[in-house]
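Can you read through this structure? Questions will come right after.
We call the chains A, B and C, going by the order they appear; numbering starts again at 1 in every chain.
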Amino acid sequence: MSIQRREFLATIGGGALAGLAGCSAVTGGQQAQPGVAGETLTLTTTTSTYDTGLLDALNAPFEDMYGVTVDSVAQGTGAALETARAGDSDVVMVHARSLEDEFMQGGYGINRRDLMFNDFVIVGPEGDPAGIEDMSSAAEAFATIAEAEAPFVSRGDNSGTHTKELVVWDEAGVEPGGAWYQETGQGMGAVLNIAHEQGAYTLSDRGTYLSQRSEIDVGILVQGPIGGGPELLANPYGIIAVNPAVHPDVNYDLAMAYIGYVTSPQGQDVIEGYRANGEQLFFPRALSEDPDFQQYVPEGWSSDAGDS
Amino acid sequence: MPLEALGAAGLPIAVGLPAAAGLPFESVYLRSIVAVSLYVSVTAVVLSTVVSLPIAVALGFSDFPGRRFLAAVITTGMGFPSVVVGLLVLFAVSNQGPLGTFDLVFTREAMIVSQFVLATPPITAISLAAIGGVGTDVRDAARVLGGTKVDVALVTLKEARYGIATAILAGFGRAISEVGSVLIVGGNIAGSDGVSKTRTLTTAIQLEARQGRYDTALVLGAVLVVLVLIVNAVVVRIGDEGVMQ
Amino acid sequence: MILRAVDVSVAFEGEPVLDGLSLGVETGEVVAVIGPSGVGKTTLLRVLALSTRPDEGTMEVDGVDAWAADEAERLALRRRIGMVFQEASLFDASVARNVEYGLRVRRPWRDRLGEGLRSLGRSEEPAAAVREALAVVGMGDELDQPAQSLSGGEAQRVSFARALAYEPDVLLLDEPTSDLDPRNTAVIEDAVGEARDRGIGVVVATHDMHQAERVADRVGVLLGSDLVEVGPTATVFGDPSDGRTRKFISGELVY
């Protein structure tokens, strides 16, 4: 085990311990208030974590435990990271690994943890004009849609979903464009509505799709890994603290307490237990008996490589 | 009188209706976003009026260097896109910006700043038109009868009060219906308990629309319209009563 | 002399309007300034009101050189003068509020602020001076009338009361009855007499020589840019010393 990794783990472990220590101090009935009581944590995140109602459910116990307020700003992945770069937020919770890696490479983010996952699904109109139902390859499905020039609605907004969509187009070897491909710049719910209205295909995260299913009529044509579909459609979420060395004003203590909480057994239970319309939307991923070092560093990073 | 009664009954009805209609709102949520909307817009308009009226009087009746430039700035400001104002304010109050030390990002106060910038040009321009319409003979009389420059300015403002009320209502209308800049500088934040921190009626509508919940968005829109009507009624009523005489 | 212009000259765009005039008024007298329309009577009155600064000459109020004094002192002097214009120029408010204006602005700011706040709660009783001034012009019952609803004659009468209410030492009237019917004219002329009886020095500019004869103790004749004659009414009309006066008067009398 290299020195850097040891330090990483020590920091994470220390942070988690500090968080848990804070927890037990409060729940243990001691008189001393945690040092962060009364403060506000600014969390910038994607729209899917907020719109599904998960964040309200997840944050409430944390707020009670510490006597703090969590301000969740649901901006979309790109904007959330940009706000963090400016030092206007303390912690980010997003789901675009390439953008997260970029964020860390720039030195803005530290102490990344895997948080949870769900997956994406390719949805489309009844009748499936492009004939992609039950394909086992997402890339193939997209290629088929492009060739058939079947209408496709894109988020077009640098969000996690949009980033994934572009990755799949890339895998399919297609440069999307033309009258059939519409970039809307809208949120997931609005895009699903548009797809429903226009009988078009789109890529959606399962969580938003499930919570909207009662109101719209598009069906899942290609499943993500949770439904047995291709791994390419996996949708992992990460949580990263903003580096106090770059922005000394951020509330690093509280950010670490929050990360400690959401990756703790208690937090992960809340995530696992969250339901919308009777369905589970998110699957916990932070804790495992088997070590996963990849979560702490940019994908593909190795200490043997020339630069870190 | 009937209009006031309608207003007094209207707001509780508007707030209670969504819950009664089975829509997913606690009245706590709705009340808090109405409160934030009013707090931000009313404060911005009041501050803007205090700044705009002296500017309008000066532009109307004095000559000073930069007068035409100021008039041009105001006219341009009237059409200035609110989203751009939001970006500029965000840039200014961001941690990295010149006003970063005040910690104003994602606060109601930053929203007040951006709405102040948006409301001031219309309030100034419309007041200026009203003030310019005050006859020189009346201003003369005010002066000759022993008034100081301040007295004459006050008389002018009182003579133009209906036009000024229109200006204030126009400014308020612009402020409270505004969504782009308050979304950017405020962050549309509501607590997990449903109490709004920087969420207004307009940004709440945007939130519902983004999720495709258009029916809910419409209900919020109706509440917003009722709110604007009530404020209009109140201001007009104050104008008619003796308070502004 | 309570008010005196000494050798004053005023020119507009190079053209002389008033050329080295001297005119004064005592307390308790009425001086009429007559002359053709547009000759400069208004300008003269504005100089007397300390509104327009003469290019040359001095303005004395109660012996004090007004334009040599500082801003504050000049304001105090200006406040001892009242003026009524040809148009009533009332404020968009009630009659009482209009007439009260002069009294109001002369009170210190702290009192005015207190008054303003109190008036939000209930309507204030108009001061005795307001009622009194309105009584002089026969408008005592119209206190709460909105000014905009008055007829031309009524408005002018209120305008007179407005200038009278704060008891000025000098009252300047610029063609006060030109637009009025005979009845209102008579009311105003009576009010002028009442003002004189109270010891106010009144200067009336008019092109109506009959009016001058009726109300004035002394008359000044303004022809061109000169005050060609100043003297007791009877003398100026009966036996003027200047030929131009004689011509002017006889010319007018023919009409």
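Simple rule for what comes next: a contact is a pair of C-beta atoms (placed from the backbone, for glycine too) under 8 Å apart; a residue touches a chain by one contact, two chains touch by 3 or more.
Given the structure is predicted, the values throughout are model-derived calculations rather than measurements.
Because contacts link the chains only in sequence, without closing, their graph is best described as a line. When every chain is represented by the mean of its C-alpha atoms, the one lying closest to the mean of all protein C-alpha atoms is B. Among the other chains, the CA centroid farthest from that of chain C is the one of A. Between the Cα centres of chain B and chain C there is a gap of 46 Å. With centres defined as mean CA coordinates, chain B is found 37 Å away from chain A.
Centre-to-centre separation between chain A and chain C, using Cα means, comes to 82 Å. Residues 42, 47, 51, 55-57, 59-60, 63, 69-75, 86-88, 186-190, 192-193, 208, 212, 215-216, 247, 249 of chain A are the ones that touch chain B when the two sit in their complex.
The residues of chain B lying in touch with chain A in their complex are 94-96, 100, 103, 105-106, 187-189, 191-193, 197, 207, 209-214.
By the touch criterion given at the top, residues 49, 51, 75, 78-79, 81-83, 85, 87, 89-94, 97, 101-102, 105-106, 119-120, 123, 159, 162-163, 166 of chain C touch chain B in their complex. Residues 135, 137-138, 140-148, 151, 155, 158-159, 242-243, 245 of chain B are the ones that touch chain C when the two sit in their complex.
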